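Chain nomenclature is as follows: A, B, C and D, assigned in order of appearance, with residue numbering initiated at 1 for each chain independently.
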Amino acid sequence: MRSNSSNNVIEIHGLTKRFGSFTAVDHVSLQIPQGQIFGFLGPNGAGKTTTMRMVLGLLPPSEGTAIVLGNDIRKQARTIRARLGYMSQKFTLYNDLTVEENLRFYGRSYGLRNNKLKSRLDYVLDIADLKGREHYTPTQLSGGWRQRLALGAAIIHEPDIIFLDEPTAGVDPLSRRAFWELLYTISSAGTTIFITTHYMDEAEHCEQLGFIYFGRLIATGSPTEIKQKHVPGNVVQFTPEYPVKTLQVLRTAQQQGELENTSNIDLYGAQIHVLTHNGDMIRDHITALLDQQEQPYTDMQVIPPSLEDAFLRLTAAQK
Amino acid sequence: MIQTHRLSRTFGKRLRRNQITAVDSLSLTIPQGELFGLVGPDGAGKTTTLRMLAGILKPTTGNATISDHDIVDEAETIKQSLGYMPQQFGLYQDLTVDENLNFICDVFNVVGAAREHRIHELLDFTNLHEFRQRRSKHLSGGMQKKLGLSAALVHKPNLLLLDEPTTGVDPVARREFWDILTELHASGSTIVVSTPYMDEAERCNRVGLMYEGKLMACDTPLKLKQLLPGVVYALRADDLLRAERILKTNASVLDVQPYGDILNIIVPDESHHRQLKEQLSQHDITIHSLRPTPPRLEEVFIYLVRQYRKDSNLQQEQFA
Amino acid sequence: MNQRHIYAIAKKEWLHIIRDPMTIFLLAIGPVLMLLLISYAMATDITDVPTVIYDQDQSDLSANLVTQLDASDVLNVTDHVNNTTGYEDQLEQRKARLVVIIEDGFSDQLTTTQGLESIATSAPRFSFVIDGTDPLSAETALETAVNISGQFVRNQLNTLVEQPQTETAMLPEQRQRLRQQLRAPVDIHTTNRFNPDLKAIWDLVPAMIAVALVLPGMSISTVIARERSQGTLETLVATPISKHAILMGKAFPYVLIALLNVVLMYIVARAVFGVPFRGNLLVYFALSGLYVLATLAIGLLFSILIKSIEAALWASMMFFLFPGMLLSGMFFPVDVFPFIVKLETLELPVVSGVLINRGMFLQGVSVKDLWWNILLLLIIAVEGFEIAGRLFKKRIA
Amino acid sequence: MIYRILNIAWKDLLHLWHNRLLLILVIFGAATELLIVGWATGAPVDDLKMVVVDNDQTAISEGLIEHLRQTDTLKLNEDGVDVFDNHDNEADAVHDLFTGGNFIFNPDNIMLIEIPAGFGEQLKTGQQPAIELTLNGANSLASTTARRVAEEEIYKYGTVIMVQHTFSGTESTAPTEIQILTQLEQTQPDITVKYNEELDRAHYTAPSEAAFVLYIIAIMIAAFMLAREREYGTFEQLLVMPIRPIEIIIGKAIPALLVGYANFLLVLVEMNVVFDIPVRGSLVLLLALAAGYLFVELGRGFMVAMVSRTQNQALLIIMLVAFVDITFAGYAVPVESMPRIMQLLSNLFPIRHWMIILRGILQKDVGLDILWPQLLWLMGLGIIINGITLWFFRRSLTRQE
């Protein structure tokens, strides 16, 4: 039933949602082709989850349409649902049921039977590396395992699209790594992934990104397109001896207009990033300033901007 | 300030097979006024440790003192000047920001003019002023976290225990949160914070890496980075996935870690730079750039945990 | 345990209750609503029991008896049948609950002289068939029917004997003695203390006040489990607030609401149902407060002992609702229960609640008469809070 | 369709299985409740404490006291008399006698009988002496029973004494008027009690409890299972799955049906064994109608769940609804004796019809030929209630806030 005009699995036009006088989502339009990993970024409360729930048919939109797999979500919600998977922000598996009982319930809800159910169950247990932990209840599992279990539950019926709402929140780097490897295998099998996240390094792995701010879609495109459009030029990065002090020095300098055509100056862990149009020229300028202000530093270099720079730039621009 | 001696905690029935040791004989000393970061994979015992220090979870064996008060016998005295922020939002969803803060002030006996002044100060601090009358369930994730922090700061505690305060918060709000923390730290209070974000751990005086309930490493970020044997090269290329598989076959490469749009390659020393380039070009991977980059705790963390897993597997094999 | 802490927790708990329209409605107005509804519906005396007459005698005398039966407000003659299967069906279809059968020859025995003599050998007999499903109304209906018919026969005999024209072998003084003794042998004056005309409302309403106060007790039974499931308990436990302050603070709003209910229900009992109040008002409110504390103590104990909300709700349902209706003494007097069941009711505050309310409303008793129930409630309240305090740990695991 | 329904049912059963305390409470709670309640209400109203003040001190008055003592309903409280004596006025004495007792070791006195001086003389000569009977009205059931038994016994004793003394026994045969009197006294009306031979009160309360067990389990489980999903947020997950609302309802109804049934059977057996209330009518019909009734009540349970956001709220509503239902079901007091409008209103409550069906089949061995109106009512109410619930369910699904 795919709309053969384009192989878009999700087409959203002017989707809006108003809660009383507050507009949570303001005329968002998006196209997501089949098999793509789509990242949906934005600060808390920007309307990410609301948009997702509208596309899932959980929340009736105030305006606009959402065509998923060729069907309008308002009318054929139920037929679409059989081919969707959803992993919400809150862990919504049953804490008092064991891992196996949870997965069997999900499998059966999507109509899987006996040997099909068995094979899918083994597949999910395998990729989520929960073999041998079937009898644990989710409360006995650590954060990472619970995330993989929730993902497993969402893909047990081989959905065409899976929606993941901040799946890796609060998960340590290694488990995040494992989680994304899992996503790659799923995506390579042709499943479209619609994911929201706050980890900008994860956003880099997405093929298309949407950036929403106070309900309005302010940027879309591949990670490289977004970086080129919104963060032209590059970043001067160095490791200051006294990060907080040096940051203060640079920011006051910028306010006094000494560092023209530089935009965001932020801390990235132990390094400081200075966003500029022309990296080399600004780098010498900064080294001079730092020496003059006796702010010791190491590893001064010019690197291309990352998505985190883009995120900070876009939010700063909107304020 | 904090002194623990072989602190440990197990969950689950003694006899039943799935008894889990969450924290395994942890010995740790945190001096007054330090910003201490606690990192580690999930289930490493970070939350359990913080809960034991906050005196809301009894340790199974071992003990610990906070400014010389025992965490089990004198838990109540410790709590007088302790600020604790649990992982999930610990305040009341159906109460407004004001009502929540006033309630906490009552609990900590912050009264009269001091209360009004303190609340005002905190709302400035976290710029939550215009949300005073909003129910906390209508606050965004970042704002809820700031409210949680202010609740823990109402009585100006000299020890702050924060359990993953910035989880699920966007990068901008995270930075604002940490600016508050560094300011607090500058004013002298001791802060122990557990976090999954390695970039935040970088801003701590010392970082403790926990793994399966044990303290695997505990030192300043700088010293931890020295644990990395060799140099880190950042590779920017087209097909990073394929590059990763190729480099894994190279014996002299110690570890390969993808991060966003770059691939961090750990090699013993600079001499391997040329050899890496050749290997990649043999498999016709177009390299945009391959340059040494300062190691970050993220890479140290992944390297150490993988190392640890290899050793413990080795041990298991010996015993198995 | 300073007051500020208790006040803080109480205020917070109050806000939770207020913020939740459904709960405030159920806690504040629920009990009064229950009192009104149940008292109005249940407190009527046994009246208009459908009765069917099988009159084999078909005389105006028997008709006269039937009208007398119908006249009583306990019975209400609905039908006449003329064969056994007739009244059998009526019984099965619940159209009739009592059948009065008047045998043939009933009137001859009571209107003619030879009839009179024949009584010496065999007196007129009635037979009744009663539907025993509800013993309470069956007994009352039966007693009324037997009394009226017995009295009717005696009066009829009296008039027969008095009439000069009934020639009988009996001598005049024999006739006189018979008339004398036809009257009841003994004249019994019954006076009913505290509830002269045995109004069921007076008996039920005070008891219902105690039973309705079960509601706040039940809603408090999940108060700790709720904080635990919302994750707010962890913050609370990490503060220096003492555990007793938490318990007291949490119980306080519920006590307040319950007392509000006591006042409301007192007004309804007096104004709407006109139940007399013969005790001392101040003592009554003090004792009601004690009763409320006892109920809440058990509710609080439930909320600490039972971790899952469903189990706590179910346990409080089993502990408060059913016993409240049947074991509280509202309908069935407790002192009649088997001894073991009486022991069981010891830990039910509702039993003492009913006794106190009835005692104060109807009997106008004072503290010295109720010392036993007060002692019981004191033990339950003190013991309840004390155990709750001990069991409630400022720990989360 | 069926597969998905069974799937949800199986999940809810697992929830119950994992929550052992709840499972035990649900299964055995009702049975123990019935045991205690049946036992307590079934007990005959007897050894009610009575105080007798004998101002006559004659053989006859002592005979009367002895006669009253024989009955097992009344129990003579000797030391009551001196309590009476050391009070100057009678009102205080009575007040003291009727209050101050405790229901465990010495319950209050129920009745005071004062035999006036000259009672014996007057009785012998048939001058109808008076007797003062004072009852403790605070305890209505006990006092009415005591009054009825006392009056009956006093009349009997009085007639026997009167007859003895008027008939000097010299004539060979008693004069006709004495024979008439004795005959009148001896002829007891023949009373046949149907459906509950010994008029045992437990035969009334036990079935009401059994009917109520089914009712309360249906509502509680339906409400909790659904309210719990809403509270924990797992409901949203269900909505995302290709499950129709009707399937969720039926799916959730099945565990309630099973548990309700298990409980009902347990209670039926218990009633039969412990309170020897036989199932006179056809068991199959009873079980079928029980299932029908359960389904109707489940509708209301879901309605309650949809209205309340948390489980605690669900409980409070159930409590209120239960109290209303108790009234209209004739749980403790029969509906016939309620005011007219109440009786009409009671038809709107499924439990009222279920109570009639249960009593009918249990005690009256009646079939559908008699009970068809109840069945009609149940079906009608069932369709309406479940209809509204489904509509409400669907509406709130789309408006899921």
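Keep this in mind: contacts are C-beta pairs under 8 Å (C-beta built on N, C-alpha and C of every residue); 3 or more make two chains touch, one makes a residue touch a chain.
Source: prediction; values computed, not measured.
Any chain touching chain A that also touches chain C appears here: B, D. Each of A-B and C-D has its own count of C-beta contacts, and the greater count is at C-D.
Averaged C-alpha coordinates put the centre of chain A at 21 Å from the centre of chain B. The mean-CA centres of chain C and chain D are about 10 angstrom from one another, to the nearest whole unit. Mean C-alpha position of chain B lies 64 Å from that of chain C. Residue positions of chain A touching 2 or more other chains: there are none. Chain D has residues 19 in contact with two or more other chains.
Taken pairwise by the contact criterion, the protein chains form one closed cycle in which every chain touches exactly two others.
Of all possible chain pairs, those that touch are A-B, A-D, B-C, C-D.
The residues of chain A lying in touch with chain B in their complex are 42-45, 89, 135-136, 140-145, 166, 169-175, 177, 184, 198, 200-201, 203-205, 223, 239, 243-244, 266-271, 298-299, 301, 303-304, 306-308, 311-312, 315.
Chain contact summary for the complex, chain B toward chain C: residues 11, 51, 54-58, 75-76, 79-80, 82, 84, 86, 88-95, 99, 103-104, 106-109, 111, 151. Interface residues of chain C, counted against chain B in their complex, comprise 2, 4-5, 7-8, 11-12, 15-16, 19-20, 230-232, 234-235, 237-242, 394-397. In the complex of the two chains, the chain B residues touching chain A come out as 12, 18, 20, 39-44, 87, 139-143, 164, 167-175, 178, 182, 186, 196, 198-203, 221, 234, 236, 241, 257-261, 291, 293-294, 296-298, 301-302, 305-306.
Here chain A touches chain D in the complex through residues 56-60, 78-79, 81-82, 84, 86, 88, 90, 92-97, 101, 105-106, 108-111, 113, 137, going by the rule given at the top.
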